[in-house]
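Common to both upcoming complexes is chain A, partnered first by chain B, then by chain C.
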Partner chain A sequence: MNRLVTNLRVVRALGLRSIRQTFRRPQLMAPIIVFPTMLLAIQTGGAAGAVDLPGFPPVQSFLQFMLAGAMMQSLMLAGNSGGIALAVDIEMGFTDRLFAAPISRYTIVLGRLAGTGALGLLSALWFFAIGLVFGAEIEGGVPGALLAIFLVTMTAMAVGGIGAAIALRTGTASVVQGLFPLVLVVLFLSSAFFPVELMIEPARTIAEYNPFSFISEGVREPIIAGVDATDTAEALLAIAGIVGLGLLLSARALRHRLRVG
Partner chain B sequence: MDAALAIPAWRANLATIAALMARAKNELLRVPGAAIPGVLAPTIFFLGLNGVFGALTQLRGFETGSYESYLVPVSMLQGAGFTGAAAGVNLARDIEQGWLDRLLVSPAPRWVLLAGTVLAASARALIPATFVFAMALPLGAAWPGIDGLLVAYLMVAAIAAVAACWGSMLALRFKSQSAAPLMQVGMMGLILLTTAYAPLALLQPWLADVAEINPATEVLEAARQGFVGGVTWAGTWPGLLALTGLLALFGALALREMRRTGV
Partner chain C sequence: MSAPAAIAAEGLERAFDDVLAVQGVDLEVAEGEIYGFLGPNGAGKTTMVRMLTTLLLPTGGRATVAGYDIVREARQVRASIGVALQEAALDPLMTGRELIRLQATLQGLPGGEGRQRADDLLERVDLAAAADRRVGTYSGGMQRRLDLAAALVHEPRLLFLDEPTTGLDPVSRKTIWEEVRALNENGTTVFLTTQYLEEADQLADNVGIIDSGRIVAEGTPTALKTELGNPHIRLQLEEGSIAAAEEICARIGPLLPPVDAKTVLVEVEHGAADIPRVVRALDEAGIEVGSLELVRPSLDDVFVAKTGYHLEQDEDESDSEAVAT
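So, the complex of A and B:
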């Protein structure tokens, strides 16, 4: 029991540290908030006519449809930023000091993920605020919004797990930073920004099987229509899959890092 | 020194600019990986946006049936924006490492130091533009004709110069690579707050208003004309005028920061 409490305290301390790090350096907030907000504004303004296309799901506005996409983009960049920050810690020797401390190694990763999850939560709140200010309605009401916020936070942690695994494996911030374009590829090849049915091949086929499409739909449905059990279950399954992959990769990477020092 | 042997100032200036451009070229040859993000980002945007928003051409009022043709100049200009902004990041690195201090104590005028950075960015921007263009053709983008291609490349090189001036101004002001996101976001805003995604008539009113006063819209439309129709003087001169204005403004601001920078 004491061990569990100690581990939770470590996770809390490291999580708070990672959040403080992000707020102390505004340039770290730019990719998480500024970039997706800007793209949301531009895409909403530029492709608003898309709602008139035959086959587009019934929505109040394109902004309402795009909120989930902006949250997805933000959370993925938060996950990537978490990985970069962990790699910087490794480069600077901070992680080595943690490894030498009498704490569970997994709390080091979990602490970073707690921080990433908090940033995911912040981004969800930010985009809901933007949506509400600019007139988007949340069809699922407060429960729908809470569900979407929960899914976004969980996905941020799941994506952060993969970022952390890569950081632990490579120990180089520039390598993790290099994954930034990949984040965009994964998002473009999902239903984050557009309905799958209206996408062009081969993006359409890839998007149909992309787990981030399921998560996007899970986050979007409470916003544009209301809570749907099937969409929510599929989103949770997709998140569980990404968490599982992140855990597996992190465990391997952690073993590798402890072996090579 | 014997006055007869003294190098004329204009030749010394040209030699300095050439040396700075050669340095940028060497950087590219020695660290080719550094050019990858500049090439990759606009390519991903092109492929991604085309896959996602390709169906927009079905909307009434779209001037072409091929979204690839509509989008390719946007991505070429985006590549130029990224490359130009990267020149600012490199200058910030030079400031952090003390390299710029050494240049500042040389007899080269400040504008020459700036011109070397800006012209190198212009030349370098042709790499991502060519890559995106080569990728877009087999995917269905229309051949713009030699004149259309030349106009597009001219716009790309000039926008890269604008972006390099913007990036250099920020680098000289903040003296830190931390300003990189500001350099990139600024250029992204300039290029995307235009008719990047759809024609003016299909944009939301607020974006249409912004696009109408954004000079980059004229630059984009000039670069796009060969891909969606034919090149005309009427479609080209507003772009040239906008570029002249942008270059004069950002060039003056960057030069002002360069002159303020002391050793």
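So, the complex of A and C:
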């Protein structure tokens, strides 16, 4: 019990450090809030007519549709930034301080993920605020908004797990940073920014099986239509899959790091 | 029954692919001593420290730290030790106070106690005024002191310091030495790696010299230097008086091979106490002495004798007392 309490305190302390680190290093904050906000502004300003395309889901406005995409972009980049920050810690030897402490080594990863989850939460709140200010309606009401915020937070942690695993494995910030374009490719090959039904092959097939499409729909449905049990369940399953993959890869990377020093 | 060793290693090895960084090291560090682990860059010092602090798995041999096996009881090892690694592992974006408090949490100290310890330690290492500044704004010496304070937050009985003064100015170096001495006087065992001979000589009760992954000499600094023989007196004379001076000096002690045509080297058994005898004998013979110097064997001489090269190429580390005449 004592050990559990200590580990929880460590996760909290490392999570807070991770958040502070992001706020104190603007280059980590920019991809999480600034870039997705700019993209949201450009897309809603320039492609608002897309809602009139045949097959486009019924929405109140293009902004309402795009809110989920902006949140997805933000949380993906939050996960990537979390990985970069962990890799920087490895490069400057800070993780040695953590590895030399009498704590479960998994708390180091969990602490980082807690911080990434908090940034996901912040991002969800930010984009809901923007949506409400610019007239988007949340069809699912408060429960729908809470569900979307929950899914965004969990996904940020799940993506952060993958970022952490890559950071632990490579120990190099530039490698994790190099995944930045890949993050965007994965997003553009999902339903985050555009309905799958309107995509052409092979992007359409890829997007249909892309787990981030399921998560995007899980986040979007409460905003554009209301809470849907199937969409929510599929989103949760996709998140669970990414979490599982992240944990597996992180565990292996941790063992590798201890072997190679 | 003797007290268990603070650190005991038997045949400890670490290979990186085909390279054996540490090759079958046997080591014993007693409770309460300062053990200086001396060697050049790449000798295996940091690899040893990383294995003993459970940051790196050994590929052979075994070791216990604070009585715990470094592989099977790694968590107990980590709870028993304080570690300040080479190139202070600090986050430049954190403040000094945040870092020490985080370290207190990592060591399992309750919140109030951790905050109190952080304040006390910042005071102790003279960083209270800078405690709320970001670590990135600290000087090298301040960062080292902060790193040391962080390693002490849970009052460990065994402290690992990996090159704690590398790159520091002499004043900062002396401040760290004083702190290490004070800790040791309070009973903390210190395992200190260094590439500075003077540091090992000044601080360590016992010294281990490591070269190419192997320990090539071990003992107290005095014993290691004594092993090399007695000190000698170096005399600078006029060229015409060398032969006569050699004849006189040979009666006092064995002559050593001269380094040039104006120098006589004579080994003396009693060090400085033999200087008046030499001066008197030369004076009575009417030989004028240009300069006289007592040269004691240094750790560098020990290092050269054991490895065949100098550890510090740029610094004259001879312990010498020059007497101008």
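Here are a few things to note about the model shown:
Keep in mind that, in the parts below, the second predicted complex is superposed on the first by the 261 of 261 C-alpha atoms of A that agree within 3 Å, B and C clash if a C-alpha of one lies under 4 Å from a C-alpha of the other, contacts with A are read in each partner's own complex, and residues count from 1 in each chain.
The rule we apply is simple: a residue touches a chain if its C-beta (ideal position, glycine included) is under 8 Å from a C-beta of that chain, and two chains touch if they have at least 3 such contacts.
These numbers were taken from a predicted model, which means no experiment stands behind them.
In the superposition on chain A, A:P102 contacts chain C only, with no contact to chain B. Once the two complexes are overlaid on the shared chain, A:A203 sits against chain B while remaining clear of chain C.
Contact with neither chain B nor chain C is seen for A:W126 once the two complexes are overlaid on the shared chain. Look at A:L258: by the touch rule set out above, it reaches chain C but stays clear of chain B.
Taking chain A as the reference chain, the count of touched residues is higher for B when chain B and chain C are set side by side. Once chain A of one complex is fitted onto chain A of the other, the partner contacts of A:R17 are limited to chain C, with no touch recorded for chain B. Applying the stated contact rule after C-alpha superposition, one finds that A:T6 touches chain C and leaves chain B untouched.
Applying the stated contact rule after C-alpha superposition, one finds that A:D89 touches chain C and leaves chain B untouched.
Where the contact sets of chain A with chain B and with chain C meet, they give residues 25. Looking at the complex, you find that chain B touches chain A at residues 37, 40-41, 44-45, 47-56, 58-59, 178-182, 185, 188-189, 192-193, 196-198, 202-204, 206-207. For chain A in complex with chain C, the residues that touch the partner chain are 6, 9-10, 13-14, 17, 20-21, 24-25, 89, 92-94, 96-103, 258-261. Those residues of chain A that touch chain B in the shared complex are 25, 27, 30-31, 34-35, 38-39, 41-50, 52-54, 178, 180-181, 184-185, 187-189, 193-194, 198-200, 202-204. Residues 16, 47, 50, 53-57, 75-76, 78-79, 81, 83, 85, 87, 89-94, 98, 101-103, 105-108, 111, 134, 150 of chain C touch chain A in their complex.
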